[in-house]
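This report refers to the structure that appears directly beneath it.
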Amino acid sequence: MSAVHTHEADDLRELYRELILDHARSPRHFGKLDAATHTARGINPLCGDRLQLFLQLDQAERIAAASFEGSGCAISVASASLLTDSVIGMSATEALELFTAFTAQLCDQQDVAVVIPRLGKLQALSGVREFPARVKCATLAWHALESAISQRSATATTE
Amino acid sequence: MSAVHTHEADDLRELYRELILDHARSPRHFGKLDAATHTARGINPLCGDRLQLFLQLDQAERIAAASFEGSGCAISVASASLLTDSVIGMSATEALELFTAFTAQLCDQQDVAVVIPRLGKLQALSGVREFPARVKCATLAWHALESAISQRSATATTE
Amino acid sequence: MRQAQVEQQGRGRIEDRRTDFPALQQMIHGHSLVYLDSAASSQMPGSVIETIARYQRNDHANVHRGVHTLSHRATDAYEGARDKVRNFVNAASRSEVIFTSGTTESINLVAQSYCRPLLRAGDSVLISHLEHHSNIVPWQLLCEQTAAELRVVPIDEQGQLDMPALARMFDEKVRMVAVAHVSNALGTINPVREIIALARQRDVPVLLDGAQGVPHMAIDVQELDCDFYAFSGHKMYAPTGVGVLYGRESLLDAMPPYQGGGDMILEVSFTGTTYNELPYKFEAGTPNISGVIGLGAAIDYLQSIGMLAIARHEKALLAYLMDELQKISGIRLIGTAPHKASVQSFMLDNIHPHDLGTILDHQGIAIRTGHHCAMPVMQHFAVPGTARASLGLYNNRDDIDRLVAALHQAKQIFS
Amino acid sequence: MRQAQVEQQGRGRIEDRRTDFPALQQMIHGHSLVYLDSAASSQMPGSVIETIARYQRNDHANVHRGVHTLSHRATDAYEGARDKVRNFVNAASRSEVIFTSGTTESINLVAQSYCRPLLRAGDSVLISHLEHHSNIVPWQLLCEQTAAELRVVPIDEQGQLDMPALARMFDEKVRMVAVAHVSNALGTINPVREIIALARQRDVPVLLDGAQGVPHMAIDVQELDCDFYAFSGHKMYAPTGVGVLYGRESLLDAMPPYQGGGDMILEVSFTGTTYNELPYKFEAGTPNISGVIGLGAAIDYLQSIGMLAIARHEKALLAYLMDELQKISGIRLIGTAPHKASVQSFMLDNIHPHDLGTILDHQGIAIRTGHHCAMPVMQHFAVPGTARASLGLYNNRDDIDRLVAALHQAKQIFS
């Protein structure tokens, strides 16, 4: 019984790692990006999380700048913050690859994760895997990223 | 087991007594009554039984003539036939009393049945009590009778 | 290959499957129950009943709405059932699988959300004479609301659609076609591929009322190429109160919502509300969660036997039923199309179907009597109603022998 | 006298009733489950689950349609449940009790069948700012369809209706009033008698969204004098997918049907269809039979305890909950009207409700987080969502102590 408790508490600490809490409290690249060339909204209709992601792609389709606005839980805000941190400097294609790798990791499709290079500090979000109800929070900004780049839809949802 | 069978078969014979089958095969007072002063339809929407009851009331509110038209199962046709046979010559009030006594008998409200004089050959329909799914058939014409006399509604249903 | 294996297993075991159904193990009026009313509602296997009870005992919560464990389990089970339905009818996407309360609601949804905004006075909707009331009345209501015309394709003496008449009636006024895949009163399997091909030429969508199709044959909505396919859980060994509307994504996408409420919105405010994406746009309010989960369990059950095995079993049994009935003097079969599913309506002498029903019930035999929610069919055959025996996967020859014996008894009583 | 006895029994036993609920006997993440999400969906007592399973094992068949024994048993059980509902809300007649798939469908039915034929451009419908989406979106859809105006009565900082504003907004353009009896997000019990009295003066019908009313207090629709009362089974210890629309007979009688299909007709022909009488006119298609029977069993269960006993129990518990929450530093209660049912929304520090939900779930505590299908309420309080603890008859002080302890833990994690 106490083993269970400890294990469970560990899960929670895995989810709310210091890095996550830090990004949730002080999100990086927060705010509107006036020079944005691509943007998309992300809405999780079931919990009310909503954010808008801004990207500035240069002529070489490289992400020169990225930012986001909105409100959400610690996981979705930290994930958006880490996202912007990670994709700045990447090509659009690389960012889409990262999207694939990241979402695959959270959905436990290990085979994909193996193919893709390390996720760096995005690994901090891997604790979400133990919380399937929260995977949508962690991927919300990422779906917006994918929408923004492919300009498929103005609003991504994670239902 | 065979006791059960016999008992069950008895029920069926109680339901389809010779008198019932006779009235079902050769319904009395079948056809339209041109001189009708009161009429009402009866529909059992769930089995498709439908009939129209015609009454001719004289100045003294006495039922001078009665007839019916329509199609239905043996029980509903026999019941309509017996109804017309029974109510001719009655006052409207007496006919409504008979309606109450008859429907009460089939719904097993014995206290009412006791108060009311004998039902005569209408007793032949008492076997229906063992067949709750068929009570509606036996009472269809009677509800039409009640509608016709009270002229509440042009169509009675037994759902 | 996998299909063949499943079939193989199915063949070996289908006769024994009746023991899976608790309701069939009981005595009625001292006789073991012979259930020949599956076209009205089939019985549920124990696995469906137990899946529902287990959900209710352990995992129940509202779906789509909570982060807590039970809510997550309920949502997973509910959405898992959607995947099963998608696979079962081979929809292209799970967005095309909308859970409703049944075929009736599915059809009303299409009439109101797809057709009502579209129809102009003078337009018309094409249905047929053999439809269930659920595929008639929604269109009558719609035509009243829009001053459109309801065109009814006639049927012949065997209970088949008059296809030349259908082709003639199919002019440029027709904006919607809605026909039964299989008639519940007659068993007729309609030539839906032909109808859909005609409609494609004119770019008119086709709704198939599949309530009696799904239980009896493998359905592939992409291969059928229909636009809407409506069916009910309770005809396919699942509970009542749950059904499905399959719809082509491009059509569903363009349709306004049917009902407003929770779950079908993205954002609500008094200045403007944004609807949710498919399939949620059409699932307003808390759905019938245990019903949907039960439907998923019924699909698992059906797939463990194989729809082809079921179809083969029922086809053989229908042939036996028709043969045996025809040996009875005074029988009149109603619905004698060459292509039929396992439903047989009939009249015996001039015994009213209702009386037949009572006499058979007294022998423990459950058939359906009446108009079968298809009054126009009754009018066509000039009968007040029929007796109808309908078969499910659990029926066998013994059931039919019992039916025939009881019909002979009825003849005696009424002789 | 009888009422008093029932109450007496109820008082003695209500604390022990949690053992009646199988779902509450389980461990979640190593902790015994504390279920504080009954406003989303309550758990079912074993008697409801077993009644449903027993029906499915022994008595299942389609209702209203057959002479055979199972069909008769199913119909009796189904119609018996209608009598129980009639009695439970004290409707004048069983014709006034319409089974629907839930509150959402009940409200959509009234919007489409009662209002849509009646509303003219410029007319208006009055709702309030604290409504559930199910009592907003159907009216938004209706207003779009008819070019009518939706008027929204504001709420104050405690989450109460602004009654003077309501009176001002209630002019001769208003053709319909639809308000929650009890708010699901805030717990506010609205002054519905006052609203109904106002509406009577103007001869405008009032619909009460009773989804959160019925589980928490004795409802008497005649005494309330409302015209429509909508509620759901799954908030009152019955399954999802079943609900009720109570309607005043004179109004229901005059309304056209909502959906077309089986059971709601008297006669169908292509020259003209006659609708069935009440309540069947509004029950198209095969209904959720086991859901309705489960609802009947839930009513039996509630009546065995007594609604007054339940209300008393929950009231005491709500007071304790509010007291204990307010002792936590950084807590903000949302919904502080003096008249409240047992629902409490709150925020803690600047922890997002969703994170709270996860942390609590990890302690086996199920609360609801998010917008509770009441986004305008969230906008009013300028929060993205709230955490909400809602109480059922099975909750006790221990549950609340567990909640409070877990909230302290959440504060630590986020400190």
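The letters A, B, C and D name the chains in turn, as written, and every chain counts its residues from 1.
Heads up, the rule we're going with is that a contact is a pair of C-beta atoms (placed from the backbone, for glycine too) under 8 Å apart; a residue touches a chain by one contact, two chains touch by 3 or more.
Values in this document were obtained by computation on a predicted structure and should not be read as measured data.
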item: Number of hops, chain A to chain D, where each hop joins two touching chains; value: 1
item: Distance from chain D to chain B - Cα centre to Cα centre, in angstrom; value: 44
item: Length of the line joining the C-alpha centres of chain A and chain B, rounded to whole Å; value: 75
item: Euclidean distance of C-alpha centroids - chain B vs chain C, Å; value: 37
item: Contacts with 2+ other chains: residues of chain C; value: 29, 65-69, 71, 265, 267, 354, 358, 361, 369-370, 375
item: Multi-chain contact sites of chain B, meaning residues that touch two or more partners; value: 46-47, 50, 133-134
item: Every chain pair in contact, whichever chains are involved; value: A-C, A-D, B-C, B-D, C-D
item: Chain D contact footprint on chain C (complex, rising order); value: 22-23, 26, 28-29, 33, 35, 37, 40-41, 43-44, 46, 48-50, 52-53, 56-62, 65-71, 101-105, 107-108, 111, 129, 132-134, 136-141, 150, 152, 232, 234, 239-242, 256-257, 259-265, 267-270, 273, 284-291, 354, 357-358, 360-361, 365-370, 373, 375-376, 379
item: Contact footprint of chain B on chain D as seen in their complex; value: 64-68, 71-72, 76, 265-267, 274, 276-277, 280
item: Chain D contact footprint on chain A (complex, rising order); value: 1, 4-5, 7-9, 11-12, 15-16, 21, 46-50, 71-77, 131, 133-134, 137
item: Parts of chain D lying in touch with chain A, wherever the complex brings them together; value: 29-30, 351-355, 358-359, 361-362, 369-371, 375, 378, 384-385, 413-414
item: Contacting residues of chain B [partner chain D, same complex]; value: 43, 45-47, 50, 132-134, 155, 157, 159
